[in-house]
Amino acid sequence: MSGYLEGIMVLLAVNVVFAYGGFLPLAAGQLNLGLAGFAAIGAYSSAYLSNVLKLPPLLAIAFAGIVAGTVALIVAVPVLRTRGIYLALATFALGQIVQAIILNLEIVGGAAGYPVAAFIRLPAIAATAVVVVALVWLLFATRFGIAVTAVHDDESVADLMGIDVRAFQVAAFALGSAIAGVGGGLYAHHFSFIEAQYFNISLSITIVLYVLLGGTQTVIGPLLGAAVFTLLPEVLRASANWRYVAFAAALIVLMALRPEGLVTGAQLRRLLGLARTQARHAAVATALPKEPSG
Amino acid sequence: MLGSIYAMVAVALTLSIGVLRFLNFSIPGLFMIGGMTAWASLRAGLRWPLAIAAALVAGAFASLVVERFTWRWMRGAQDFVPLVSSMAFLLLFEHLAVIYWGSELRTVPPLFANTDWRVAGLVISLPQLGGLVASIALIWALTLALARTRLGRGLRTIAEDSDTALLLGVEINRIVPVLFLISGLFAALAGVIFALNYRQVQPFMGEMVGLKGISAMIVGGMGSVWGSIAGGLIIGLVEVMSIGYFGADFVDIAVYGLLLLILFVRPTGLFAAAFAGQRA
Amino acid sequence: MSAADPILRLDSVSKHFGGLRVVEDLNLAVRRGVRTALIGPNGAGKTTVFNLITGVFPVDAGRILLDGADITATPSRLRIGHGVARNFQNIRLMPHLSTLENVMVGQHCRNRGMGGVLQPVNLVPRNRWREAARAALADAGLIEYERSTVGNLPYGVQKRIELVRALMAQPRLLLLDEPAAGLNPAETEALQAQLEKICIGGLTVLVVEHDMHFVGALCADVIVLDFGRKIAEGSPEDIRRNPLVQEIYLGAPVAQPMERHSARSA
């Protein structure tokens, strides 16, 4: 595999992980504009663990995810008492604060950035991404998925149905942040150098936008959004800046015409239903005895 | 000084939120457009009044584009859609700026050489004074307009209840663009003042500076113009104090820490004075 | 008259919103297994009573006893676990869940802990919760809609789905807020048949309704509210003849006899 192609695939994998980090809170009805901050926590803690404590990269990344998730859990208690726009702003402030704190942490390089010694390649990164996607998919195939969607759709009725709204919101928020942390760790250990300036509000916004592009109604939406964001510009050979311009313009048009994103729940159900019906027909057809001709 | 810049951005934000319940994330982008257009115009040889005018026109125009594609196109859509579109616009403006002007930090040539005055131990330059005067004048004009003119009444009616506003004959489709125009002007002017005073512009200056206007808006009170002014001054003061006590690197932590604190403790802001029917 | 104590009792319950006294010193009891109607003019506080029972609002004064247990201070989330389920006047199904998933939301209170939440209900083909929900839908004649987006379904179908969702919680007391509103006569008859069928199992139903024919056909007890107070109670016949009730229901049909409709329709 050429270096160029490997680079694209790595980027795709990292973006996919980030996408699921953004998807989890959005599925519960929350906008986490501090995603980049949690990615930064993951990146820097995994880098520190592998640089200083000499942990193997994948282990460091796993721990970093836990760290990011734990921080999210701690701040979730006050942050999730806010609602709607206030929640988005609180997460925004959080992301900015994390970025500012890291800029001041000389132990991890401060404003000069932090080089990362250990290096991981596509197979490890892709495998991690696959694990993340599989875990989220599994999670949403349980009652968790139904409950979280219920919370997203109608908090008061969900509450009356016995669903602990706050608990699910905290869980979605913490899990999403942990996943974002893992993404940050993957990024750190492939691009070998991280700086706080990278984990800014633009990154948070970009991630949220490509999750919304794919659609938050299904588990496959974020994957699609990350793929379109990463791969389409490559196919069109767009420069780094024009890809953002095109992406932003596409989002604006999409929000006007089809705010649910590219994949909706109804569509997916229809597709799956169609597949199941066809499978059933095929099974029936093969099971039936052949009709005598004539 | 920065306080008045934050106040202007906060006013731009607060108008959108107060009247349309819409957090317009493109406003830091408009801030940048104002600042960079001013720089580009000066670099192209325009005299400063024209440069400032060009910057304001650019900001206003961009704001109207945002209006057309976030608000007008999708009234009645889900709550978060305009916010998301405005975020996309921020990205759009930033990267168009990089494409057009490059991503480096640019220096704005000094406008008036050696025009500093000493007043009671403080050094005030002409651009600073000009900026201060301009912001005060504009904000004052705005508050007058909101209170006295038909436009202002229309805006306040929409803020209370957009359905009633329709019934009362308020022409939403005519007034809302004016609102965006005003927001755009305020944001762009703030960018110009920043450019002329701090003499540095770059495509991401909206994120560095303009976003703090959000902090100012919330601290002062979402939806309140006076609150935004107070918020801007407070944030400016917090910055100066944190530089003094903790050093320049701590500034962002202080500003956003304060935002977070206010959101936890008193989300409606420090000054409960409502713009109009604030239903936060 | 059943000998057991009432399944629901409100003791001197009051609720104010600002200066408005919506429910005032209300005392009512719903007998176990008896289909009861709660009627009254608009603004009498009927939906508020439902909201108080389910915990949407806390009471300002008084007690609510469900099957003997004092649930006055119980958080709203836990009340469905105590056995009271409801539907909503304006249908509140989850737009992003399929019909089947909406019905499965109703099971949540019975399947709550970590083990319950992490049950792979949508993954394992023969998951018992999913099958139970499908069976309930089939029972109600709605299985064809199991994968549909609820928002696109006809109003009457959505109402029936909401009812199935409430029943999934296996409540002892079912609160129905205007279940017949917006239904055509055929649908109303079908609803009545369905309610009579489910009540055989011992479920108590408390219905808020304006359709007096429906009430007369379905319910044995009627409680009348006005301005947040109970002003009358008794059988539909008693209520029909009650002069106080006739007075507040100016314009309501007074003279027609209310017969028990035979609900054996197609």
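Chains here go by letter, A, B and C, matching the order in which they are written, and residues are numbered from 1 within each.
The rule is short, and it goes like this: contacts are C-beta pairs under 8 Å (C-beta built on N, C-alpha and C of every residue); 3 or more make two chains touch, one makes a residue touch a chain.
This one's a predicted model, so the numbers in the text were calculated from it and none came from an experiment.
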item: Nearest-to-centre chain - CA centroid comparison; value: A
item: Farthest chain (mean CA position) relative to chain A; value: C
item: For chain A paired with chain B, centre-to-centre distance based on mean C-alpha positions, whole Å; value: 31
item: Chain centre separation (chain A, chain C; CA means) in Å; value: 41
item: Chain B and chain C, separation of their C-alpha mean positions in angstrom; value: 52
item: Chain A residues within the chain C interface of the complex; value: 138-147, 149-150, 152-154, 156-165, 217, 265-266, 269-270, 273
item: Interfacial residue positions of chain C with respect to chain A in the complex; value: 54-56, 76-81, 86, 88, 92, 94-98, 101, 104-106, 108-109, 111-112, 116-123, 129, 147, 149, 165, 169
item: Residues of chain B defined as touching chain A within the complex; value: 17, 23, 25, 69-70, 73-74, 77-81, 83-85, 87-92, 94-96, 98-99, 204, 207, 211, 214-215, 218, 249-253, 256-257, 259-260, 263-264, 267
item: List of chain A residues in touch with chain B within their complex; value: 31, 78-79, 81-82, 84-86, 88-90, 92-94, 96-97, 99-101, 103-104, 111, 200-202, 205-206, 208-209, 212, 239, 241-242, 244-245, 247-249, 251-252, 255-256, 259
